[in-house]
Amino acid sequence: MDTLDNNRYVIQARNLGIYYGDFKAVTDVNMDIERNKITAIIGPSGCGKSTLLRAFNRMNELVPGSRAEGQVFFDGEDLYAKGVDPVEVRHRIGMVFQKPNPFPKSIYENIAWGARIHGYRGNMDELVERSLRQAALWDEVKDILHRSGLALSGGQQQRLCIARAIAVQPEVILMDEPASALDPIATLKIEELMQDLKKDYTIVIVTHNMQQAARVSDYTAMMMLVNDGSRSGTVIEFGETTKIFTRPSDKRTEDYVTGRFG
Amino acid sequence: MIGKQRNGVDASGYPLRKEGLRKRPRVNEVIIQSVLFFAGFFSIFTTLGIVYELGKEALLFFRTPEVNLWNFLTGTSWQPHINQFGILPLVTSTFITSAIAMTIAIPLGLAAAVYLSEYATEKVRKTLKPILEVLAGIPTIVYGYFALMFVTPLLRSIFGRDVVEIYNMASGGLVMGVLILPLVASMSEDALNAVPRALREAAYGLGATKLEVALKVVFPAALSGIAAAIIVGISRAVGETMIVAVAVGAGPNFTFNPFRGAETMTGHIVRMSGGDLSYDSIDYNSIFAIGLVLFFITLTLNIISQRIVRRFREVYE
Amino acid sequence: MSASSPAPLGPFQDNLPHRHRVGAVWQWIFFSATVIGIFVLSALLLNIIDGAFGYVALEARVDPDTLAVNGVPLEELPKEELIRILQERLSASAFNKLNDEKPFEERSQANVYDLVIERVVKYQVLETWSLWESLTRSAEIRARVAEEFPQAELRFVSWLTVETIRRPQSSEAVNAGVRTAILGSLWTIMITIVVAFPLGVGAAIYLEEYARDDWLNRLIRTNINNLAGVPSIIYGILGLAIFVRALERLTSGAMFGLVDPTTANGRTVLSAGLTLALLILPLIIINAQEAIRAVPQSLRKASLGIGATKWQTIWAHVLPNALPGILTGTILAVSRAIGETAPLVVVGASTAISFDPNLFSRFTTLPIQIYQWTSRPQGEWRHLAAAAILILLTLLLSLNATAIVLRNRFTKRF
């Protein structure tokens, strides 16, 4: 096995497999996610992209009967080792979901609540403002902070969810098709935002939109179903985005990125 | 940056992370979960309590020399003061009143369900359904009053005062049917509604009329849900107490004539315990024995209905 | 192809007009079935209203007119005059007993007037008529009363008055009220809520948020569904065995040295409340489970995704959003408990209570009172039962209306 380098890489998966009951959804994944970079996971639907992403902060455990094998090292510590607290894991590795899901509370509370449960003792107003600014939402909502988060448009809701994730100061933000429910303009805003966030955070994004992956990411992981009838997915190719999209080494990747895939 | 450096707090205002990803002791989470588990488990105690208490006292009842199980199950006379403990008169009147109730509740309840689910416009449905729900929410003692003060006089004026006794099974059974009607209607309507739209559309697409779709496609598809509704209705009828206590009669009577008074199992329990019942008397023990029989009848019916519902769900989900 | 003369139906004997006719007939049948339900509901309400008002033939032992002093009618006499009448007309011991219950100085004029009516005037009900009879056969009734009861006074009364609510139980229907029954119902239901609400919601949270799908939790779920179908009278038997008998020291108050001298056994308000709590517990659990299940999963994920613990997620997001549903379900369950009669008869409700109940006293409730009054053969008690039913139904309707308002106000938030 290759060596761990947790200065350069924040998340390192080793022989990672994920089961739902008897069904093995993801098999044998090895990948290193570099700090302050954007890593995209692409692939056809049903190949386990979301499952893999959720395995990085143990969200997949919420599905009854799911379990993981192998290791995921975060700053050199195995997330799946005994005694690791999934709550702490999710604090350090935040998540933004496919459908915007703000709490049915005020915009302000949406951000403050997470900070409060993690024992934040600084100035809450400052934190809210800073998080909203980082999420490029401040100017639009600064006068309506006490209105419900559900009153915002879809794109604004998604940026609110990003602000909410940032506010608890994670190291990594996992994004599960964050723009798939949004219109093109809102999508563009989220993509620009990701470029800004990269300075402070590591981002892993799942997307079914290959142009999006090509536009925003530094690294791309290509997932496919394993060709043995088991219907489980794995990463077949992982590397710099430019290489994946211009000179893929795997024939299946080439077919997929050029649109020749079924 | 924000926030001043404080004890245990890093520059960003969050507590310092000392232990990496290690589990922190979260005592309150554990306590809360245990309390909640207790609340969830509590209902098991209720069941155990029912089975234990009914079983224990019923056993004492069957141990007394005056009683034997065979006579209990086959005897046609329940006269505690002369030591006759045959449960049949109580059982027959329970089944006669329940049967009368179901002949009202099944056809009317199912017809109402089909109307509400297949015919009624959204507006009509929104008016009628709450009315049925109100009907279901009226306390049974009020139905008892209605049976005694309205239905009994009505029956007596139709069939003659010498045919219909003041306390009679027909009146109680009919009103019980009205009580159960909304239950059967609303459970059946749920079952009809659960039939996928596609099935209806398929039938309409072949040129079926509304009635043909409703009766020949939707109704059969919902049959198991409807069966479950009917069984729950029967179970409710068997266990119904106040209507029969008020309107059906105050003495066990082995008869199959619906216009005569009789006493059901529930009615008997209520009358016996209405007086001051002394502990460990044979009367006291006997209500537990009757209760046990009642419990097993209704439990069996409920389990059957749940089985049916579960099978039904598997088909459409 | 070569269809020169189009055969209208070919091999099909469609007969569409007939099919439509059959359809129309059945639609009418389905509709009437629904209407019958509404018709019965109206018949039931009319029957109760019919019983709650009507003519009463009353005979007074002492004509109240003869008690008037200097032309001032009885009801307007000052308290002192009324006390004097009591003193004159009652035996000394009876008078002193009244004074012992509550000194006359502390009683109001209205109260003393009630005493005069109850103890001196002593109205006797000779016969009663329903509202329908009173309206349609008024002349006939008057003639009969004049002929059969020349001393009697024919009055058109409402059995439901403010007095009916204010007065305690009494041995005379004209003086009886539902005060003790209403208080008994309120006490009982309070205990029921205090016990069943936290337990039920707790169980629902456990089952929806914590329980894994293993045999134990499946058993718990099946068990709750079965308990919801157990006849209420079985709960009465359970309450009799457990609360009244086995836990007598607790439910009679002996454990706390609070035994009510009027009871001194376990047939108390507390036992009644606990029995009803067991009865509605499964209903509360099932309703609360549905409300919790209706909270979208995305909300839980959002909260867990920023590192909240399970309980933080439940407390801050799941419960606040499920609360309207939980409350609606609880109100419906509680209104079921308010109307329950059978289990309370078994637990040992008392026939007549003329004092205000407390936690460890004997009890009666509104439905129990209705049951007992309906079971009495004399017509006047049945009129009173009708009045009590109107009170009970008003109470339940307002509870249900609250539940519906709650449901409508808080639905469709997501």
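For clarity, chains are labelled A, B and C in written order, and residue numbers in each chain start from 1.
By definition in this document, a contact is a pair of C-beta atoms (placed from the backbone, for glycine too) under 8 Å apart; a residue touches a chain by one contact, two chains touch by 3 or more.
Only a predicted model underlies this, so the values are computations on that prediction, with no experimental measurement involved.
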* **Chain pair with more C-beta contacts, B-C versus A-C** => B-C
* By C-alpha centroid distance to the whole-protein centroid, which chain wins? -> B
* Of all chains present, which has the mean Cα position farthest from that of chain B? -> A
* When the C-alpha atoms of chain A and chain B are each averaged to a single point, how far apart are the two points in Å? -> 50
* When the C-alpha atoms of chain A and chain C are each averaged to a single point, how far apart are the two points in Å? -> 56
* Computed distance of Cα centres, chain C from chain B, in Å -> 19
* Two or more other chains in contact with one residue: find those residues in chain C. => 309
* Asked: Which chain A residues touch at least two other chains?
  -> 88-89, 92, 118
* Asked: Among the residues of chain B, which are close enough to touch at least two other chains?
  -> none
* Asked: What part of chain A is in contact with chain B in the complex they form?
  -> 74-75, 77, 79, 83-85, 88-89, 92, 115, 118-123, 126-127, 130, 169
* Structure fact -> Given the complex, residues on chain C that touch chain B span 19-20, 22-23, 26-27, 29-34, 36-38, 40-41, 43-44, 47-48, 51, 198-203, 205-207, 210-211, 217, 219-220, 222-227, 229-234, 236-238, 240-242, 245, 278, 281-282, 285, 309-311, 332, 335-336, 338-342, 345-346, 348, 367, 370-371, 374-375, 382, 385-386, 389, 392-393, 396-397, 400, 404
* To do: Mind listing the chain C positions that touch chain A in their complex?
  => 212-213, 296, 298-309, 312, 316-317, 321, 413-414
* Complex contact set, residues of chain B against chain C -> 26, 28-29, 32-33, 35-44, 46-47, 49-50, 53-54, 57, 107-109, 111-112, 114-116, 118-120, 128, 130-132, 134-135, 137-146, 148-150, 178, 181-182, 185, 209-212, 215, 232, 235-236, 238-242, 245-246, 266, 269-270, 273-274, 276, 279, 287-288, 291, 294-295, 298-299, 301-303, 305-306
* Residue numbers on chain A that touch chain C, as the complex places them -> 57, 59, 62, 64-65, 87-92, 94-97, 99, 101-104, 113-114, 117-118, 150, 161, 164-165, 167-168, 170
